[in-house]
């Protein structure tokens, strides 16, 4: 049985190391704030300058001035700090972010990924992804293994315009956890009941078991 | 300092005189800091051929608050410079998109950190700088790069603006600003980048000296016009519901 | 009778316009904070990020955390704000300072000046002068017309290494107030009892009366 | 955040492990923000071949407080990078000067705003930028310039540091810092520029959460070690008299 999205979040968060500063992209990656990190001390950074934010606010306790980069009304545990957009991206570009977890359209075995421009689109959806992808110490991707029509999003090389080249360290999908090695996706973990053959069938790039 | 108040009486007065062809920075990231009332006044004011700088042109969500997309629909915009110029999901369409696709408005799509740094550079008298963001992507095609200490960087230019429209929490009559929580976002750097800084203020304007100098986020010498936001329904005060 | 230093400060401050942001260099220029500006609203900016500071603190009322760029214990009138060094020089480089008043070793008719390096010195005394000189809307100099041994500090071209080229708008000395025009020092005002011939005798550049 | 305290018990513990050859940023402009106690500890710690970054090497005034000049006298410094590397009056001699004249220590003399911006650039992941300061002067001789929009600018490189030694007013256990008045000066940008940020704190260290997030000047994720300054005579607390 493939992983549910919360299971993907939980599994990917196990890759985080104690003390990491973590930035979460819009969509699926935001599920990671719900994961119990146990003994690990994790600090969440949002592009809009909210450093050390906590879980989403309970209903009725939202602060209209306090959203994360995904527009969620979050909370501020003790030790949080606010900076402006320039200082927030200063932290990003200067390599202070240990990992960014991003959603994506495509991930490639050559460690590229593409998450800002769909085919035929004029304009783009860049947000902070290019800065994060170029500068975070680790880039983790979280996505569905295939499109709705069954086309693989796991490719040897991206077909869409890339967000950054050669920067991806981990990819998690509902089928497994992968490390792109340049030539292949190396399987680090597999969802229960999923086989390597299932993964190979769903992947348009070499898979290294 | 503070001998003369910077407070004006209305949003319309606050945006008076903004010229056709101006480059205007719009504060805000999602709801916090977005200058909805000043943007509404600019829709009434009618300045044309504007270059609009902001994080996004405005999303596909409803109900809509005044945003760059509405200025586009109102025929006031020549170009936008944003980090989002399309909808994240192919199934969504931004109000801005059809105008862009028909070529009625131009767009420059910029990584968010580069956008922030270009504004900050303009406000810091730095005409150009190098950044790693965007290297190796379509955005870098045909552009100048430089290898520094073995890494490739893209040359980016400052983005000076004529006007900034901002929303903050507190201000004093000298123009010193305080933003609350995530409302700060682009506010301080857009103020730095702009010649005319106009701010809608949530709390009643304080007398000069009421804000501790250590707690000022944007110094008053950067700010020209302040307007206090009256209670709804005379002004726009978005609620949680509109922003979920 | 040549002007006293407080008289030089008072005369130079008459050149300020209402609403100006003013930066004062170390030494003589600091006398300007004692000048009564009358109806003019003047805001003092210091390189160390103190914006809108007021007169020197009365004895016993000094704040050990609050100095201007000349190490003087100053005061903070209502409306003052503090920024860090990067933001302070951002204001300078982006042209927000209407005038900087600097002390100098030499002023030149070609609008250069030299205030950071004496003859034979290894090292220099730059401080914020090069940023201010390059970027303030107006550069005013305040200095003695001659050295102690009688050599003119008012030259056609600087003999010392320059601080900035072609940026000086006004020079005040104990003898008069001058505008360097490129070819000459144009006399804008003269201290009481001083003649144009006195000025010519003390100046190693053409003087335009 | 804040599960583990960043507080250490002594100045000596705070500077432990600083390696020979490190580039060290020293906060402070005149008295406010100068890390006298950490500098004193570094004199005891003895790291050699240091590159010392600060506004000045230390003036000719007495009584002296620990400064870069004392580290030079102690044989610990290879190079200084400062905006003041000589005494303003030819009649004064900096303690640093004879070492510099004899070639025992190197120096880079940098305009103060360029120094600030090079530190800020290092902390912002910007490897190089252009500035108008210094154009046409001896400092620009043989260096790369570029004309942008008709004006000439000098290329300047980021100045990353291994360690920052700072003094602030308040801090919480998560490392969030607040500076008081003119104490802020180089503090926030040196924290941005440095890998190991060590701070002497005037007030007792506060529990995490005691500082409002809107009033933090330097976020705790930039800070590694905090030490509370004990009362005199166990620590250096300069008085007004010493700084006139």
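Letters are used for the chains, namely A, B, C and D, taken in the order the chains are written, and counting of residues starts over at 1 for each.
In this section, a residue touches a chain if its C-beta (ideal position, glycine included) is under 8 Å from a C-beta of that chain, and two chains touch if they have at least 3 such contacts.
The shown structure was predicted, so the numbers you read here are calculated from the model rather than taken from an experiment.
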item	value
Mutual neighbours - chains that touch chain A and chain C alike	B, D
Of B-C and C-D, whichever chain pair has more C-beta contact pairs	C-D
Farthest chain (mean CA position) relative to chain A	C
Separation of chain B from chain C, taking each centre as the mean of its C-alpha atoms, in whole Å	37
Rounded Å distance between chain A and chain B, as computed from the means of their C-alpha atoms	27
Distance from the mean Cα position of chain D to that of chain B, given in whole angstrom	34
Per-residue multi-chain contacts in chain D, two or more chains	117, 120, 124-126, 131-132, 180-181, 184, 213-214, 217
Contacts with two or more other chains, residues of chain C listed in rising order	76, 82-83, 86, 89, 92-93, 135
Chain pairs in mutual contact under the definition given at the outset	A-B, A-D, B-C, B-D, C-D
Complex contact set, residues of chain B against chain D	117, 121, 124-132, 146, 148-149, 151, 153, 157, 178-181, 184, 213-215, 217
Chain C partner contacts - residues on chain D that touch it in the complex	29-32, 55, 83-88, 90, 97, 100-101, 107, 109-114, 116-117, 119-120, 131-139, 169, 180-189, 217, 238-240, 243
Sites on chain B touched by chain C in the complex	1-4, 120, 122-126, 172-174, 176, 192, 207-210, 213-214, 216, 219-222
For the chain C and chain D complex, residues of the former touching the latter	26-27, 46-50, 62-69, 71, 73, 76, 82-86, 88-89, 92-93, 117-118, 121-131, 134-135, 161-166
Complex contact set, residues of chain A against chain D	21, 41, 43, 45, 51-52, 76-83, 86-87, 89-96, 135
